[in-house]
Amino acid sequence: MTNDFKKKKSQKEQTFGDVMRSQGVSRRSFLKFCAATASMMAMSPAMIPKIAHALENARRPSVIWLSFQECTGCTESLTRAHTATIESLIFDHISLDYHHTLQAAAGHAAEEAREAAMEENYGKYLLVVDGSIPMGNPGYSTIAGISNYDMLMETAKGAAAIIAVGTCATYGGIPHANPNPTGAVSVNDLIKDKPIINVPGCPPIPVVITGVLTHFLTFGTIPELDHLGRPKVFYGQSIHDRCYRRPFYDKGLFAETFDDEGAKKGWCLYKLGCKGPTTYNACATTKWNNGTSWPIEAGHPCLGCSEPDFWDGGGFYKSLSMPTENITQTAIYTAAGAVAAGVAIGAMNKSKKNSAIAAHDKTTIDDLEK
Amino acid sequence: MSEIEFLNWVRGPGFQIAVIIFIAGIIIRFAEILMLGRKANLAEPKGSEMSGGLHTIVSRSFPDKSTFQRSTFTVVAGYLFHIGLFVTIFLFAPHILMFKDIFGFGWPSLPTPVVDAMAVVTIIALLAVLAHRMSDTVLKFITTKEDYLVWMLTILPLVTGYMAFHRIGMTAPTLLALHILSVELLLVVFPFTKLMHGFTFALSRWYNGAISGYRGVQS
Amino acid sequence: MSASLEKGINALKEQVDSTVASFFSSCVHCGMCADACLFYTETGCPTATPIHKVEPLRRIWKSEYTLLGRVGKMFGLTAKVDDELLSKWETKVYDHCTLCGRCSMVCPMGIDIALLIQKTREGMAAAGYAPESLIGATKRAVTIGSPMGVKLPALMAQIKHVENDTGLTIPMDVVGAEYMLLLSSMEIMNFPEFIEAIAKIFTKADVSWTISSEAFEATNSGIQIGVADIAAELVQRIVDAAEKLKVKTVISPECGHAYMAIRWEGPNLIGKPFSFKVRHILEILDEFRQDGRLKINGKEEQRLTYHDPCQISRRGGVIEQPRNLIDMFSDNFVEMPDAGKMNWCCGAGGGVSTNERADKVRLKVFQRKKDQLDEIKPDAIISACSNCRIHLEDGLEEYNMDIPLMSLTETLAEHLE
């Protein structure tokens, strides 16, 4: 145990440069990665040497990963997306001290690891959260008998920063969907006194997570965030604005069904319910699976998964311009009720007029002057 | 409330509320107009009420030459913004999707750039109409607060729609939500303001044509 | 009993029907009615905007017959009709409107504004806000039988003159006659030539006709002032006489509002259809023409134009007949711009000529007619309304225009073989 701990500690003293060298990454490909990172994060080329220097000397940060009401999709996205690349090395480099899905330890042993990491790195560790927190009843989701809420609040206290990964952690996600049976809330609904980086998506793009980590490793700070706490560099533009099918939208050329001519010709998927116009994410530029493709390229409308309440938008295949409720039914019921009300009000009008006629006093020439 | 929650609200309950007020309002307004009734004309007719009425419903859209010359601005600007409103409301693909969702059927759309250009023309025409209203002696005199309110609520969906389409100034969901909200406001006030002329014009033109037609004059 | 605000408001309430409600619901305040109204075009005064003149009726409709207005009324938010409003509106409704109905023809929403003004007058009169001179004329019409105070002996004297001049007989109170002729006081006093012309034409046409000694007055002050009860009383006199004489057709003379009153309003005022027909004299003459009963001798050389009296053409539907008749004796006929159903009012209809207070403005707005005439420069003007005729003569004199005015019936009579 003591030896293990020492070994671990010595690993923690390794810099990212050490990790790279031990993995046989050439300096050339490392600089390429730095250049790519700089461009991805919209930094000037002058920053590349600085990123390289900072990364090379970055110490392994301690990371605690809490999973609450989630589906493990976010973890899957991160761990399986890439073959061995420098991005994946970022994961190798961090000291993932607690992640109950990935770690070998379980039960009390696992919790001890979390507590130890918290104690040792108090004020310095990064807290990553995926999944939403049920507030309806603490018993809805517990880990080792500890409610999600208690674990989050306890762990958040000593964190340098929190990264909320996935739409559940950032906005409540699917558990929060109407009628939200568990009373699910997001991380930033509960924690107000820590810097929180929201990385929404269902799941989020892996490179966005590594980008955020790289930024943290390089500068020790969090990247610039938008009004929803999302890193601007990745969430600054909507899917629609960067979509390669955008020209078809502008020309008014739409696929009407999934197998019509328009669909085959790759026309805009707006009419099939695409939420690209209201969704901010980097899918259109970074794509998925090592830049292979992304939903719209695969012929499917964007679901808007990186936006709050994307599950409550009235159906994935309902266009943005369509009302989400059944308006036809509303209209018919309203009309039926209004006809009754109208007849009543109309009858009031008629009777008012009739009483005016009844009150009519025959006007003679003697009635013309006051 | 987040911007997507806002958008979901205007697409959901907000739209529902607006449609309820709009439809109930229009039906009630028609009932309160029609149920007042009208006495049968006992004079010996010289022409048909029905054909005179139907004729005037159509013919009042086309002013005679002298009227056109005297009210050129009102007629031209009026035509422009009414056609513009028709095109932007009914011939824009996303809007047709909404109608299709409600009515169960749709119709062909115009190319998006055409609708976009039409929106600009309409906005300019409405601005001109406002300038005219604020400067013309007669219009200045007869204009009420309601006229300005209705003008505002008419141009808002155009402006917010244009902004939402070109994504100017705010995030896309906010713009879209504001656009839909502005339409909902329009729907809510529609039955209770002069906007109602969009429906009652047929009624009043019919009465005018019927009164004249009965006397053998095509009005 | 006397006029009161309550009575006025009640009268306005009675006036609102589905037409009124749909008209007010449709107004968009576009202002086009002003451009169609000579009281605006010639004065430039925005208070003459037709739709503005019916504000009292609009307020009653809004506060009594609309959902929003009723709610507003509960909270005191809906504009009220009070004495101050009505006194302010008196001149707008009576002095600055001739009920010509040109606004009703251009309103893009099809609002029959002239009808609304007519209805507004009902409320104004009941509330005691009718012009003094109109009240006087109405009183004379009811008590004496003529707004100008013309009594039967005066008519008989004129008839005697005509009979002496022409050697023709004017049939009085002939039971079973085909036609019963009505006359306006103006014709009796100012244009007895009209009686002469009728006698000539009807004798040549060989039809039976008569004048009733009990109801010869065609005009109806009740219509002008806006008191349906009085209008009905005046109509009833004619109906009684026509039924008594068992005539087939009652002829309205060359007078605009008289035709409106007896032809279109009459049955509605008394609440039952007539047992006889009502025709304007021009309709009868055109029927004679069609039947070949009129033989014309010689053509008029002068450049002639026809002034359409509003109540006869635009509001009454007699538009083709005068042109057919003029064609019989003229090859040099020219239409004024906007002639026919879009013709401009002379400026004195709808009680304005009776209303002394409006003398100045009616001459001012005559400018419109002057402009129309200036465009075609006719040698003579023909019309078919004594009221138009008197005012046109006034106007021509005021504007130093030397154009003779002729009655269509009289001119036709002159050209009979």
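Letters A, B and C mark the chains in the order given here, with residues in each chain numbered from 1 onward.
In this text, a residue touches a chain if its C-beta (ideal position, glycine included) is under 8 Å from a C-beta of that chain, and two chains touch if they have at least 3 such contacts.
All values reported here derive from a predicted model rather than from experimental measurement.
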Could you compare the number of C-beta pairs in contact for A-C with that for B-C and name the larger?
B-C
Per-chain Cα centroid nearest the overall protein Cα centroid belongs to chain B
Centroid spacing, where centroids are CA-atom means, of subunit A and subunit B in whole angstrom
40
Between subunit A and subunit C, the Cα-mean centres are separated in Å by 77
Whole-Å distance, subunit B centre to subunit C centre, using C-alpha means?
37
Which subunit B residues touch at least two other chains?
28, 32, 34-37
Would you mind listing the residues of subunit C that make contact with two or more other chains?
16-17, 65, 67
Note the residues in subunit A that touch 2 or more other chains, in rising order.
345, 349, 353
Can you list the residues on subunit A that touch subunit B in the complex?
171, 227-228, 238, 240-241, 249-252, 254, 270-271, 277-278, 280, 304, 307-310, 312-314, 318-325, 327-328, 330-331, 334-335, 337-339, 341-343, 345-347, 349-350, 353
For the subunit B and subunit A complex, residues of the former touching the latter
2-5, 7-8, 11-13, 15-16, 19-20, 23-28, 30-32, 34-37, 93-95, 97-98, 101-104, 109-113, 115, 167, 171-173, 176
Going by the contact rule set out above, which residues of subunit C touch subunit B in the complex?
16-23, 25-32, 34-36, 40-41, 44, 46-47, 49, 51-52, 65-68, 104-112, 115, 263-268, 271-274, 277-278, 313-317, 319, 337-338, 341-342
Interfacial residue positions of subunit B with respect to subunit C in the complex
28-29, 32-39, 41-44, 46-47, 56-57, 60-61, 63-64, 66-67, 70-71, 74-75, 78, 136-144, 147, 192, 194, 196-197, 200-201, 203-209, 211-212, 215-219
Sites on subunit C touched by subunit A in the complex
1-4, 7, 10-11, 13-14, 16-17, 64-65, 67, 125-126, 128, 130, 135, 138-139, 142-143, 225, 227-230
